[in-house]
Structures are given as structure tokens and as C-alpha cells.
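In order of appearance the chains are A, B, C and D, and numbering begins at 1 in each one.
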């Protein structure tokens, strides 16, 4: 069955597998204190145009989000997120399990608006309430949408005004960076965010994310936090090796471009067939709305998520492309629509 | 430099790498809901002679210990461990970070004695103190020693008398199972423990552990716990694939036997050279005591951990063999001793 | 200045102070293991028509809510509450600090509707999300409204269908019990809830709440939980003595009736003066809507909370009566309105 | 039965009860934002010779310790305490429930030695272990012993060298201050500690402690922490009123002196009768060692705690005097010894 369920149903992209194989016989210090991890971190610092950044390799989105937020907040402080934000919906309360409330703001398309952040801060007036102290974003969002550089800068200004740290979840950053019209580069994230991560798991790695603290002061003690929260890999070089491969010239870019190109083809075909979308996206996730009967028929041959009811007799579904999606898969889906 | 620092400085054993490569192109459901993970779990249930066991693949020793202990205890309950136990010494307070105290019992050789467990329970008399509710063991222990079946059964009886659950950390279980004179099989762990894990990371995998709950009732809700604590891998089949390979006939056994054979050769050579040990072990860790000057000289050519001062002018060191240690490495070390 | 700010700006009602004075010279066991605490608990069991109930005296609403919810839930389970619920808004994330997410349902008047509870449960489908496992209510609600017996029974049915425990915060229970038309008795709470507390602090005590577990099995280990969470008073009899006095025949009833009578007089006078209310209440809290200029003028002579903007040029305020409010205070306020 | 079980089996000292009665009719802001609380805090700042200190009134020893330690530490940091320290033995893991490990040092008499603190720090070398960041002391200790000013200053120096905060639990501070030969004043605690609390519950109050942060920067956000951890009293002035009364000229001093005088008389009588002590104390706790048969006989007429076996056929017991202990009670006990 052809699957558009998600971007973590396959193995690693060829460059990553090749690097793991090639380096398998090496003996290196454990816990990421190896030359591959150092080289990958150096590459990230250069890419982010942020020579002083601290880089930590971690094991997945949920633990990265929870351990970073717990690291940056005092116990009574809260993270603000879109109600659709991953930390609010699909992490089994991992942030709350570290003791912190997630304060939500409404969102139709996965994005957070400056005025909603201001309102959330204004509603928390004294020590009988949590103190919002961090804004969680994802780029792209859980709905596949993107912040423009102007939007991101506006959110940074709100954070400055309200005393919030800004943290960006880049689980699918490859797709965001390669999106048509995207004007947010990694160096912008480094300039505007207090922490962000560059996704590996959903961008061609076997597993792993690269967490970046552009200001070293905020990283102080994070080595302890990562170990305590279970995020320190014994054979830590596996993460360094994978990110060396992913961030070699052209690889991460190619993965994002491939995903987006196939997603664009899906989008065009679906629109041409007369169907609409929950929201307009330019990344590797799309959320078309189909008649229920069509959804059932498609499910016989294709894997995808039902996203939710979308009016009488219609269902929104999520389609995701990955580094390994084939053009033929896309064409088969579009043919099945007809 | 030849390293005896630990058993996680190398890549994966050949069978694991081959399996990862071979399956890399497959598309399977994420989060461990794939056929490889199912097959590996089935293999473990059979090996453990425990058809009803629930098996969860996890990402490393520290998170596995913390999430299992937090899952099994109520908030005011504590785990008992040897003062040398990994959860007490080298996990950055991960268990406490989930809210639970670790109550320690003295230990000279890494092992826990029934009478010390009884005394720890007797010292906790009412609700002004934590309630000890779980005994943490490791097989082999952090000092490389082993429980005999009789010792393990005696600890199980204490647990039954005192109302404790029994949990065994098997980070280096391959070495334990293959040790001369070992009479504790995986099926014994399944029969005597409420939970235990079969180590992957230190036994030839890239990463990963296999957590076993022999009684399914105790596993209830653990899928939530694993996700919340950051232990659910998106590309979860990577764990299933690795454990399929590790637990194919003869592989895990061969890895343990190889490690132990080289450790035995080291032990014999060191003893023959006239040096003693912190404690007698039969597994892949050994703790010889050398004159300080010799330690310094050895450090020029070999990697190992200084374990601690061991009397005037002498230092205990830790040597560990792994699946990839070569007989020539051992001979080089022994020559350097001379 | 005459204050309608809240019901905890005064001392204790005369019966409570008298009892504290009368018993001050006694020597009794600490930690609530005294005869006064036993007698007060017995009185509550009788009142609740629940001879097997377990009663624990605690120190305030926020810690009682947090420690009870943390006691009743497993780590990945969540409490459902109205978005206006005290645990969601005014407890500085105390529930989240114990590791649990609060899942909110919309509420215009402080009350929770069965269909919203069902929808919240339905939205949490698997282990990637928290598991809703407890419904938090308050009687009266934070907006002064009341559940009828029929409404409470309907919520109990939803809880049974969805596998939720039902917990009721009775911080102002005296006012609820004495309200016109109230048909929910303490015995109904005991029959329908898995835990509830009878408010002391806001009902005439110096401090203290009486937490009731109608089913003893759910209280198992709570003595540990209360101590661990800081809720065990060394001179614990102070709580028993106060509740003996508060629950002596007629006292709690009189306090509630007094508060409600003065609140009713306020309501009538405000309505007669032509002003409306945020919602209709029958308890000791009322939320009239006044022109901004009037609010400012009233603030010169009266204490009350601004509740929020209520349309162009108007502000909702909260008025609360207490055991010590005088009829003359009410009349003064009504005169000031004119 | 005459009780020497503890110093929290009675009501409040007369001055406290009188003040509560006298002020009962007042209407003041809640949550400790009242004039009595302000006056009591001012008195403490003056007493401590620390005009800039921040003072917070709290509800008991266990929650004060846990919330202060949690406030001062980052998640992976640990508190060092004597193995006999209250936070390690009798708080049901309250500190661990906030996520922090308690690292213990040996202690025969309840006191912590500088060299043991240094050794504990030296044993924690990197991010695989918790980072000790706070030293917990109690003055007097749980065994009734006292630090001299010189000893306290030496511990402060160790804290400075090792990067530790210093926190002192003063649950029984009245007795410490009034002890023969004591040279540690409240102003010394303010000068040497980063936080300490002045005990109320065990020193004549109904309940309540006064937590002092000599350096305001360390108190930042503590108002949130106190509310979140359940330590903010709605009728907060009850704490201010009590501390105003306790700290009126001569009261706290008289309570300590009274307790100590009766404890001295007990000590002398017991020694004269030929019995020894677990350790030498000058405060209101003493730990005599009696033959088992005598212990049993005394238990018929007197309340006290068995502290533990003390050699063949002998038991150590704990005797505590309080503000309400009578000279006649002491004489009765000594007669019973004869």
C-alpha cells in the first residue's frame, strides 16, 4: 500500500545510511563527545551564522520540546502555544509532566498571532496564575503552514515586550526551508529565537534532532537536563554521523525540495479535481477535504490520516510526502481521485 | 588508541547493521506498530517462556529505568537500590526527577542483600516517610558481578514479604547470560521480576532496550508513559529491526561470549602479572587495581576509566570489553602491563 | 472601607474562635490523630450518610485540589475542567506542577455540560495524547452558579461511561447548601462523587478544608500524599476543632443562609437600580455589570474585584458576602448605587 | 498522660491566642497582603539586621523546605543534607517529589561537617550525576544539637568554594537561640544563609513559619512558587498576627528559655539517675538511653518517642519540652525514673 501517512514510515535517506555504515567500525568516545558530533555542530553553527551557538543532539521531537521548555522555565512559568501546537495536542502531556502549564491561543491554520500572545500575557496578571514565559512555535506548523520572516520578527518583538523566550520546533524544517516563497533561513531562526531545533527524524534521518541555543548562556546546564530527561544517547556519535550526512552540501535542501515538489503535485492534482483544503500550505503536508465515500475508497489503496469531519458528508485528511515518496505514488493517488 | 572505556564506543554488530540496511527501503507504520517490532517482541516472549508478557522497545538505560519506575510507583513510593546502583549514581537524578526517592542499601560489590532490603523496609514505618515499593537490581551489576538464581529467588521472596515490586536492569544482559557459571536465564527473570529490560545499546545494537513486563496488568498504560517520557521513537521499527537481528539464533549469545572471553583473558593476564581486583567478576567489566604510575603509563596507549583511589599509591580502573574488542587489543594491554 | 472583595478577609466565625480558645490548653497527639479530628470526621461521615467514607483535613483549596487530583490520576492522565475552573485559572498551575494536564471545556456560567465532557474524551483517542480520567467540578462554581441534582447525576453518568472519576471542589459549599432551590445535599455529593471537599476557609473557619473519599479504596495511600505535598498540619487538631465547631448543629447552615440572604438583598437592590448581571446566581457571589464611571465611584468606598470588561463603557464586578458581612454594609452599597 | 512526645501537641502560647482573638473582627486583604503580615515582616527584617530581606509566611516545615529548595535549584541540581536531616528522613520524599535528589552526608549527631560537604561535591563530577547546589542544615538539628558561629561560618565558606546555596531549617529556632552558649543569632543566619526560616509551629504558634531570603534577588518569583506549591493561606493575616505576637519583645526568647530550662532539668535528673544520652544537647530535645524495661514502665505514664535500639537491652528515647510543659511534669518524670 502506498502511504502518505507521515514522514517517518521509511528508513534513512541514502547519505545517512551510507555514513552510518562507513563509520560503523570506528571507536569513538561515547555520549556525543566524538569528532562527528563536533563536526556536525560546527556545520550547524556555520549554517546558522552563529559561531557562539551551543548545539545538542537529541532523540525526537517530544523529548526535545519537553526538556528544552523545562530547561528554560522556572517551575511556575508556562509556555504559550497555538491550540493546535504539537506540545498541546500530541505529546501526551510531556510538558505538563515536567510541571509546566501550556497556555493556548486560538489558531485556525496552526500559526500564532502577535495579538493573541499579547492577550494571553495580559490575562495572567499576578502570582495566582502561571507566568507565561516562553512562546512555542513550529516552522512549519502542524498544519503545514509557514511563518514569513516578517511574521516571525513581529512575534519576536512581542516576546521582547512581554518577557517571553521564543522557541521554535523545526521537526519538518527541511520542508519549510525549501518551500516556495519561504524567506526564513536558519540564520533567521538563530537570530530571532532563544532555542530551536533542526529536525532529523522527519527529514531523512533514522532518528535525532539538533537543538540550537544561539545564546550560550541559555544552554548552561543543558547537558545535565538532557541526561536527566533521558535524551543522552550512549553511542552518541550516531547523531553526529547522521547530521554530518544530512547537512552535507545539498542534502537537506534536496530532501525538502523533493518532499515539496511531490506535495505540490498532489495539491495541484487535488485542486484540479475540484477539491478544497483545510488551509493553504506550501510544505510537505496537505489537508484536502474529500467526500466521505471517496475517503473510504481511497483508504483501500492508500495510507493517510483522517484529520476530522469537515462539514456534512465530508472529511479532511492529511497527506504527507517524505524523502522516499515516489512520483509514481503521487500519480497513482491522483488517478484514484478521478 | 585501544579503548576499554566502555561498550558503547563502537557502532553496531554486523547483524544489526545488515538488518538496518536490508530493511531501509521498507515503508511500515511508525511508532513501533510494525511487523519487525512485533516479531522481535514475539521472539522475546518465547525466549522468556512467557507468552503473555508485554514488550516495549525503548531508547536507553536511563530513560527506561526512570519511566518504568515512575510507571510502577505511586507518587509517595520509593525504589530501593544498592548505593552503587546506576539509578543512584549515574542518571543525573532521573528517577527523582519523576518525583520518587531512591532509598539506598550498602553494597561492596554492587549486589543487594536480602537483609539490607528488609532493614530498609523496616526503617520506613509510616506516612511521614516514603514507602519503599520497588527493588531495583542490575544483572550484571554496575561492578560486573552476578546474582545467582538462588540469590535472585531470595530477593524475590523478600519482595513478596515486603510488598515490593522487583525490577531488573539488564543493560549488559548478554554478558551476564554468557558468564561462566551463570544460572539465571531470561525465563528466570520473567518468572521472578515484575519488569526487566534486555539491553541492546551495550550488547551490539546502535541503541535501544527491550523492556519486558511479564504480567500484562503491570504494563497497563505504559504506552502512554513511554510517549510522555520521550521514549517513543517515531521510526520505531528501527528498534524492532535491531532486536530481530540481535536475538536471531546465536547472536546475543555470541556477543556475550566474545566479551566475556576477552575479559577473562584480561583478568588472567592481570592476575598473572600480580595485580588484584576490586571485586571478582565473570562478565565484561573488570576492576583491577594498579600502582598510580602504571595507570599513568597505561593511559598513554589505552582508554579506560579511573574508578577511584584504592589505597596508598594505587588506583582502581575499569576495563570493559565489547562485541568489537579484538584479541590483539587484549594482548597489547597485557604486554603493556609487563 | 466596606469590603465585598471575598469571603476570606475576616477572622473565624464566633463558634470556631470559641472552640479554639476552649481547647487551647489540651495536649493531644499531633498530625490530626486526636479526638477532635476523629469527632469531626465522624460528624462528616454521618452528615454525608456514608459511614465508610475516609475524611482528611487539609489546609486550603489549591493544595487540596492538586494533591487530590495527583493522588487519583496516573502520570499520563488529565483532569477535565471548565475553562473557568479554579484549577485552570487561579492556582498557578498547581495541578500541572504535579505533572498532570488540565483539559478544558468551554463554559459561559462556570458549569460543565455533559456533551462537552463527552467531546473532550472523544478528542483524546490514543497514547499520543493524555488520557482524561477525572472531571473537576466546583459547587458552587467560580461564577456562583449551582448544579442541580439532575445535572450532577447526568455528569456522573458521563463519568461512568467515559471512565472518569468525579471530584467536586466545595470551597463555598455552605453557600451552595443554603441556596434557594438547591437540591444537592452533602449525601448526594458522597453518593455521586469519588472525592469532594467541604470548604472551611471560605465558610467561617480560620483555614482548613475537609476532603472526603466516599469509597475508602480511593483513599489508600492518601495519608502519604497529604504529607508529601505539604498538607499535613503538625498541630493537626486545629482542623478537627474548627470542623467540630463549624459542623455543630446549625452553624454551617446559618453561615450559608446569612451569606445568601445578604447576597440576595444585594442582587435585588442592584436589579431594582436597573443593572444586569453576568450570570444569574443564588449563592454568595454576584457579578453585576456597572457603567465604568459608577465602578470608579464605588471603589472609593467599597472593596470588590473588577471581573472584566463587559461591553462598551461597562465593567463586570464581583461582590462576595461572608459570615461577617453586615446588613448595614449591604444597605450602604445599595444607597451608593442610587 | 504527661507528654514529652513533641512540641506540637498543644495549642498556641497565650500571646498568640490573644492576638488572634483581638484581631478576629478585622477585615483585611487576603493572602498576607495585610498590615499585620507587613508588620511582622518588618520586625523580622529588623531582628535579622537585614533591611532588604524578603519575608514569606508559610504553613509548616515540610512544605517550606520543599518549596524553598525547589525554588532555589534548577531541575538537575541536588540538596546536600545530613543523613539524619528532616528532608531526608521525615518528609515523605517531599523534596524528591519536586524533582530534586537529596544527597546525604554521614552524621552522628545531626550536624554536617565541612569535609563531608566537600567530599559530596567532589564525588559529583559531571552531567551524568546530579549537581549539588544547596546545603540544607537545621539549627537546632533533628538531634537537638547546635552549630556554633564558627562552624556555621566554616560551612558558609565551603558553600562559597563549592558553589552551594546555604539554607537553614529553623523549626525549633526559639530553643536554639535561647540555648546556653549559643552564639548564632538571627542576624548571623541572615548574614550567612541564602534562605532560612524562623519556626512558628514548634515555637508557640498554632501553625506557620517565617521564611527569610536575605538577598532579595533569590526571592524573585517566590510568590508564585508559594502559591503553586499550596503554601499561600487565603486568610493570610493569621500568619502575620501570630508572628507579630511571637516576635513581640521577649516572647520568642521566653518560649525558648522555658523549653530549655525544663529540658536542662530533665537532662540533669536523668544524668543524676545514672543514664547516658545518644548525644549531648542544649536545646529542648534530649535523647536518653534507658533499659528496655524502664522504657516500658515509663510508657505507662508518659508520652515520648522510642528513637531506636541502643545496644543490648537498651533503647534510646526522645523527650521534647514545649512552651506548655510544666515543671511539675518534669519532676514527675524524674521521680518515675528513680
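Observations, loosely collected:
Keep this in mind: contacts are C-beta pairs under 8 Å (C-beta built on N, C-alpha and C of every residue); 3 or more make two chains touch, one makes a residue touch a chain.
From a predicted model like this one, the values you see are computed outputs, not experimental measurements.
Think of each touching pair as a link: the shortest run of links from subunit B to subunit D has 1 of them.
Both copies, subunit A and subunit C, contribute mostly matching positions to the interface they share, with over half of the numbers common to the two. Ranked by separation of Cα centres from subunit A, the top chain is D.
The distance from the centre of subunit A to the centre of subunit D, each centre being the mean of the chain's C-alpha atoms, comes to 50 Å. Chain geometry summary: the mean Cα position of subunit A and that of subunit C are 42 Å apart.
With centres taken as mean Cα positions, subunit B sits 33 Å from subunit A. Those residues of subunit D in touch with two or more other chains are numbered 75-76, 91-93, 97-99, 127-128, 130, 224, 227-228. Put simply, subunit B touches subunit D in their complex at residues 75-76, 78, 89-93, 96-102, 127-130.
Note for the complex: subunit B touches subunit C at residues 70-71, 74-76, 98-99, 127-128, 130-131, 221, 223-228.
Residue ranges on subunit D touching subunit C, taken from their complex, read 3, 5-6, 8-12, 17, 20-21, 23-30, 59-63, 66-67, 91-94, 97, 201-202, 206-207, 224, 227-235, 238, 324.
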